[in-house]
Structure formats: structure tokens, C-alpha cells
Amino acid sequence: MNALFAVILLAIIVVTFGALLLVVSGMLGPKRQPSPVKDMPYESGLPGQETKDTKVSVKFYLTAILFIIFDIEIVFMYPWAVTYLDSVKAGTGGYLLGAMGIFIALFVIGLIWEIKSKALEWD
Amino acid sequence: MGVDAFEIVINVVKLLVIFLMMIQAVPILVWVERRGSAFIQNRFGPNRVGPLGLLQLLADAVKFLFKEEFLPRKAVRFLYYAAPVMALVPGALALAAIPLGPPIEVSAFELFGQRWGPYVFKLQGYDIGVGIVFILGVSSLGAYGLLMAGWGSASKYSLLGALRASAQMISYELALGLSLVGILLVYGTFNFYEIIAQQQGPLSFSWFGREVVGPWWLPNWGVFYNPVGMILFAASTFAEANRLPFDLPEAEGELVAGFHTEYGGFKMLMFYIGEYGHMIVASSLLAIFYFGGYGIPGLPVEVLEAKIAAGTSLGPTGVSVLTSVVSHLALLVKLGLFLWIFIWVRWTLPRFRYDQLMDLGWKSMLPWALANVVVTAVWLLLANSK
Amino acid sequence: MLELADYTFYFLALVTLVGGIAVITAQNPIYSALWLALTMVSVAGVFVSLDAWFVAGVQLIVYAGAVMVLFVMVIMLFDLRRETNAFSRGMVSGFLKLASAGIFLGLIGGSIYNSAETVFAPPPAELEKTADATKALANTLFTKYIFSFEVIGVLLLVIAIGAVTLSRVQGGTHAKHD
Amino acid sequence: MPNTIDTILKVSLNHYLVLSAVLFTLGVLGVLLRKNVIVILMSIELMLNAVNVTFIAFSRYSGNIDGQVMVFFVMTIAAAEAAVGLALAVLIFRRFKEINIRYFEHLRG
């Protein structure tokens, strides 16, 4: 409980510190001379061309979806891993290994399918 | 935060000090990085300002502070400014949860005519029972800083860089999380102190009901139980921190500077602080999980404390403080070594191509990490069966 | 006397509710997503205030670190900016919707208020310390709920295959009207 | 009577339940009022979070760990739902260049 308060306190401290730095460096820096060229987003020196839709590969979002699914499977392994040694010593390790074995087998099937279906191919 | 004023003040100061440690480590690391890269490439590096160029950092910081404020056209003002602040948060929160030394026991004392204590101060910002899960959770917030910067700048290089960076981060987070399962299996706890405590003393494990004990100088480190996990963990932390050979997000040839293309001055520096904070957290986790944390090989903390008590004429509080400081120095030595490896690798290995990077993460490291989990579990089952 | 724990709860509740309101009122989807991420983080804080440290960590890893990143990424991929008419139209239906949500809230609030004998009931003695709590969680998960656990495994496999297949579909919808 | 106010403000199970109820209602409002599918999905996540708060609160106040296990499952389902929902939203967007719930009636296997 106290740790929670400490975490919140530190988060507030960090954000305040960052905001303060922004403000201070904004006040100390020279005032800007606005000019349309300076305002342009960086474009390797060429005149900026703002296309309506930048082509971004759908692969990014596919990667994110697969990440969510595998991430959950990994999160399920944490409580298992923490309690595993205890149950091995208590003699029920085989059961726990079997339970997780099925789960990991499903994980592996999913992973093999993703690799075979070329969902993870980048060009 | 504590029972009385003294404890509360110390605990708040601890938070501030650990945060400042992260901030002040950055100029030093930048100096090491620049001098180190110069050394590797047979150059001089910054050597003009101050002895060995050490004051270069100060000059840089002052220069950064006096840079002009700049907001690109069409940028989303709030996100543009919030992104660098957000980049600071995960590193700072994660670092404060890492134990930097054994707890200091302060025995009761008299001050201002009042009786204080006894206290136990831990050398960390806050002690969280499930420290590993907390650090994983907090560092998974790192993607927001990148995404906000990419979106807020309204520049296509920034956007592409941010998307690449976050896709890379999440891909390697899988391997990272899975390589930790091996360590959790071996130690059976989420608590850093328990993990470090189990790594004290000589190498010893049970093998089919028989206790095997190694020579006294061979420490009981996690790396001997889980070498594959160590390699996977180290490699994925490189990718998480966006360091070479995984620094695709800021591949100069293709993306200018990635998600911080439009940033300059102190805002840029804040992204660097976030990145180095990530490196420091990763190095200390590597030290804690696989290399005994603040323990000294062949000299467990209790033995060290007894030796200090015997060798000096300090009171119990002094002995405790000295033990903590010595152990903390041991951790710092390990940290420095890993940080140097981070820098060394950057100037040695070439950069991956993006498809190679993703292939490595998904098709090599993830299966290896899975195999590591299965092998560790089976090994534990066999080794502990009678 | 109110303690630190109470103030912490009120702070977290405030952040949660402000985040929740901002999610449904922000006209720019990316702000909705970022506010929701904040809400998730403070809900994790609420979990911690209930001594559920492990679940709070999982909340951070899964929700704040994975699901919300996916949302933000999708919004960025499609370049969804400010929406001109983000809310569905219709005065009458809008009023009905608001009213029904209000009635719903009233129902829940009323039932909570009416269970007054538990209102000020003191909490039981603190649960086991975090490490043991996680182990207790694991023991329950892998004995009592083992079947659900394996079913979740199958579900995740199906989702993994289904999401990839969905993203490959080219046609399958009507041509655009109007 | 400051004492009574303190008793009411002292955090108990009901405070968590009220927080959860308000959060859930916000989610319902989001689903009813918004048109963008992605925002609707986010509102659903809001509702699921509210339910999770209830689970954890009851688990803590009745000293029963089952609630936490259930939260685990809810999170899994929520994440899976988000993954599939967003995949559908992407399909709609590719077709109509806009993510409006209206277009979902055109979905066909």
C-alpha cells in the first residue's frame, strides 16, 4: 500500500520534472523568428510534400495483434513458473508440467501456423 | 511511507536520489560512449573541455538548454510536448523498484531529545513484492512515448520511425518475457531480494536427490542454470532499448532520425535520458537475474557483514551501512561492465535489416525461449525427483 | 480518521473517472485511446490498493502495454484525425440513451446503497503477502480452473489464426453504397 | 458531525463498487453514443475494466482468490475481443475509408 503511494509520488515527480525542464528550456531559448520554411516538417531538404495517406504496411498492426495473443500466453506462464518448484518438491510437478505442456503445445501450433502462413514475413 | 517524520523524509529522499542517479548517469554514459567509440575507431573523441573532455557534457547540457523552441507546422502541440516527458517515466519508475544493495538496519538512536527507530531502509525506491512483473509492466509503457512523438510531430519520418520502433519493441518483449520464465522456474519467486539471496554462496543444486556443491569461488549465479535465457534476455534488452544492432527505428539512411526527427534541444535530451535509463534498468536486471545482483563471488553478504564487524570498530548501524555500500559497489561494477558491453556492441556489430530483425525476434528467439522454458521445467522435475 | 490509503484511493478513482469521461467525449480517437491507457494504468493502481499486485502487473502488461498499443497503432495506421460528427445523431434517441444509462446507474447505485449492512463493514484481515498470494492464485488456476485454462489456450490459438485470416480477406463485403 | 463524514469517506467495499458502477455506465454511454467502431471497442474495454474492479474488490473483501483468477480470464477474453474487433475494423476501413458502425451491416462471410 505504501509502495503504491511511493510509485504515484515518483510518477508525479518525474512528470513535474520533465514539464519543468520543457518550460525552463522554452524560456531560456532565443525567441523564434517564424518563417514558413522553418516550420516545415523535415523532408531531407526537399520542399515538403504532404501526401494524404502515407503508405504504411498493414504488417505493423498484424504484428501487434499476434503480440497481444502471445503476450497473454506468456503472462499465463508466470504464475505457473513461480509455483512450479514448490509443487515439484511437493510431488505434483508432473501434473503441473502436463497442464502447461498442453498449453505450450497449443502455443507452438499457433507459432508454427503463423510462420507457415507467412504472416510474419516482412519484405 | 513510514511511521514517523524521519522515516518519511528518508523514503522521499530515496525516491529523489534514485531518479537523480538515472539523470546524472546519462552525461557520464554519453561521455563513455563518445570516448569509447573514438577509442574503438582510433579517434580522439571529445577531449578539449576539461580533463579528458569530461566537462563536454556540461557544455552540451547548457547548450541544449539554450536551444530555440521549435514546433513543426501541423504538429499536435500537446502530444509533441508530452512525448519526451512520457519517455522519462518508464525508466524512472522501473529503476526505483530495483534493489541497489542489501537493506540498511539503523538501530535506535536519540536526537532532539526524542527516541527514533529502529528502522530498516531498503536501498531502493519502493519494495514491490512482485518486482519482476512490475518492471515488465512499467517498461511496456515505453511504447507510448514513441507513438506520441511519432504522431505529434506530424512528419512521415517520425510516424514511420515510431511505428517501426514500437513494432520492434513489442516483438522483442515476447522473447524478453519468455526468457524470464526460465529464471522464475529456477527461483520460484518474483521478489528481487529472494532471487539475490538464492544466488549467494557457492554453486549448489540437487541432482536426482543428491546435493552437488561446487568450489567456494564458483558463485551460485543464475547464468549457470539458465545460460540460454541469459543470452536471450541480453539480446532482447538490446532491442528493447533500440540500441545497435537493433537501432532500426533511427536508421539514419532511411528514416533520418526516427521518431525524434522533429525534436531538438532538451526535448531530444529527454529521449536520450529515457533510452539510457532503459539501458541501466536492463543492465541491473541482467546483474540481478544472472550474476548475483549485489553479491560478491565467494563472499556472501552475511560473511561480508561479519568480516566488516570484526575488522572495524563501528557500531551495528555503521557496519550495516558499510556492508550496503560495499555491496552496492559490487553491483555498480557489474552494471558498468554490462553498460560498457552495450556501448562496445554498438560500435562493433552492423545493423540488421528490418525483415531480418523481425525474423530474428519471431522465428529464432521466440522458439529458443520456449525451448528454454520446457527444458528448464523438465530439468527441474528430473533433478528434484527422488 | 482517513488514512493515506483512503486518499490514494480517491486520487486513483478521480483519475480513472476523468479518464473514462475523456475516452467517450474526446473527438479525436487517438486522444480517446491515450486517455483509455491512462484509465487502465489507474485501474491497475486500484487493483494494487486491493492488494492484488500480480493482477495489477498483468493489467499493465496486457492492457496498457499490449491492447492499448494495438489501438493506438491502428488509429495511427489509418491516420484517423478529428471526427466532425463523432456522436450518433438524433435528439430523441440521444435523450433515450442518456436516460437509460442514467437509469442503469441508478439501479446499480441503489442496489449498492440498499445493501447498507455491508456499507461500513470493516475489511477482513489482510490477505497473505504478495508472493504467497500469487502462489495461491496459481494453485487455484491450475487445479480448480484447469479446464478453463486449457480452453483459453485453444481460444487464443483460434484467435491467432482467425485474426491473421481476417486480415487477408480481400472481398466479402457489399460494394459501397451511395 | 465530522465523525460521520469520516465514516462515509472511509474506503470500504462499496466505494469500489460505486467506482465500478460509474465506470461501467461510462462504457455503456460510449457504446450507445459513439459511431466510430474503434471508440466503441474502447468503451467495451472500459466496461470490462469496471467488471474487473468489482471482481478484485469482492475477492479482497471476502478473502477468496477465485475473483483474481476470473479477472485473468476476463483480461484474456477482452484482449482477444480487441484483436478480432480491430481486424474487422481494418476490413471496414479498407473498404469504406471510414470506420463507422453503420458499415458493419455490409459484412458477409
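Lettered A, B, C and D in written order, each chain numbered from 1.
Here is the rule we use: a residue touches a chain if its C-beta (ideal position, glycine included) is under 8 Å from a C-beta of that chain, and two chains touch if they have at least 3 such contacts.
Keep in mind the model is a prediction, meaning the values are calculated, not measured.
Of all chains, the one whose mean C-alpha position sits at the greatest distance from that of subunit D is B. Taking the mean of all protein Cα atoms as the centre, the chain whose own Cα mean lies nearest is A.
Note on interfaces B-C and A-D: more C-beta pairs are in contact across B-C. Subunit D has its Cα centroid 34 Å from the Cα centroid of subunit B. Annotation: 30 Å between the Cα-based centres of subunit B and subunit C. Taking each chain's centre as the average of its CA atoms, subunit A and subunit D sit 21 Å apart. Per-chain Cα centroids separate subunit A from subunit B by 17 Å. Residue positions 4-5, 51, 54, 58-59, 61-62, 65-67, 69-70, 73-74, 76-77, 131, 134, 137, 141, 152, 156, 159, 163, 167 of subunit C each touch two or more of the other chains.
In subunit D, the residues that touch at least two other chains are 72, 75-76, 79-80, 82-83, 86-87, 90. Looking at subunit B, residues 1, 128, 133, 159, 163, 167, 170, 173, 177, 189-190 sit in touch with two or more other chains. Contact between chains, as defined at the top, is found for A-B, A-C, A-D, B-C, C-D. Within the complex, the subunit A residues that touch subunit C are 1-5, 7-8, 53-54, 56, 58, 60-62, 64-73, 75-76, 78-80, 82-83, 86, 96, 99, 102-103, 106-107, 109-110, 113-114, 117, 119.
Within the complex, the subunit B residues that touch subunit A are 1-2, 11-12, 15-16, 19, 64-70, 72-74, 81, 84-85, 88-89, 92-93, 96, 125-128, 133, 153-160, 163-164, 167, 170-171, 173-174, 177-178, 181, 184-190, 256, 261-262, 265-267, 270, 354-355, 358-359, 362-363, 366-367, 370, 373-374, 377-378, 380-381, 384-385. Within the complex formed with subunit A, the residues of subunit C that make contact are 4-5, 8, 11-12, 45, 48-49, 51, 54, 58, 61-62, 65-67, 69-70, 73-74, 76-77, 79, 131, 134-135, 137-139, 141-142, 146, 149-150, 152-154, 156-157, 159-161, 163-164, 167. Contacts from subunit A toward subunit B in the complex involve residues 2-3, 5-7, 9-11, 13-15, 17-19, 21-22, 24-26, 28-32, 36, 38-44, 50-51, 54, 56, 59-60, 63-64, 67, 70-71, 74-75, 77-78, 81-86, 88-89, 93-94, 97, 100-101, 104, 107-108, 111, 114-115, 120-123.
Interface residues of subunit C facing subunit B in the complex, by the touch rule stated above, are 4, 30, 34, 37, 41, 44, 53-54, 56-61, 64-66, 69, 72-73, 76-77, 129-131, 134.
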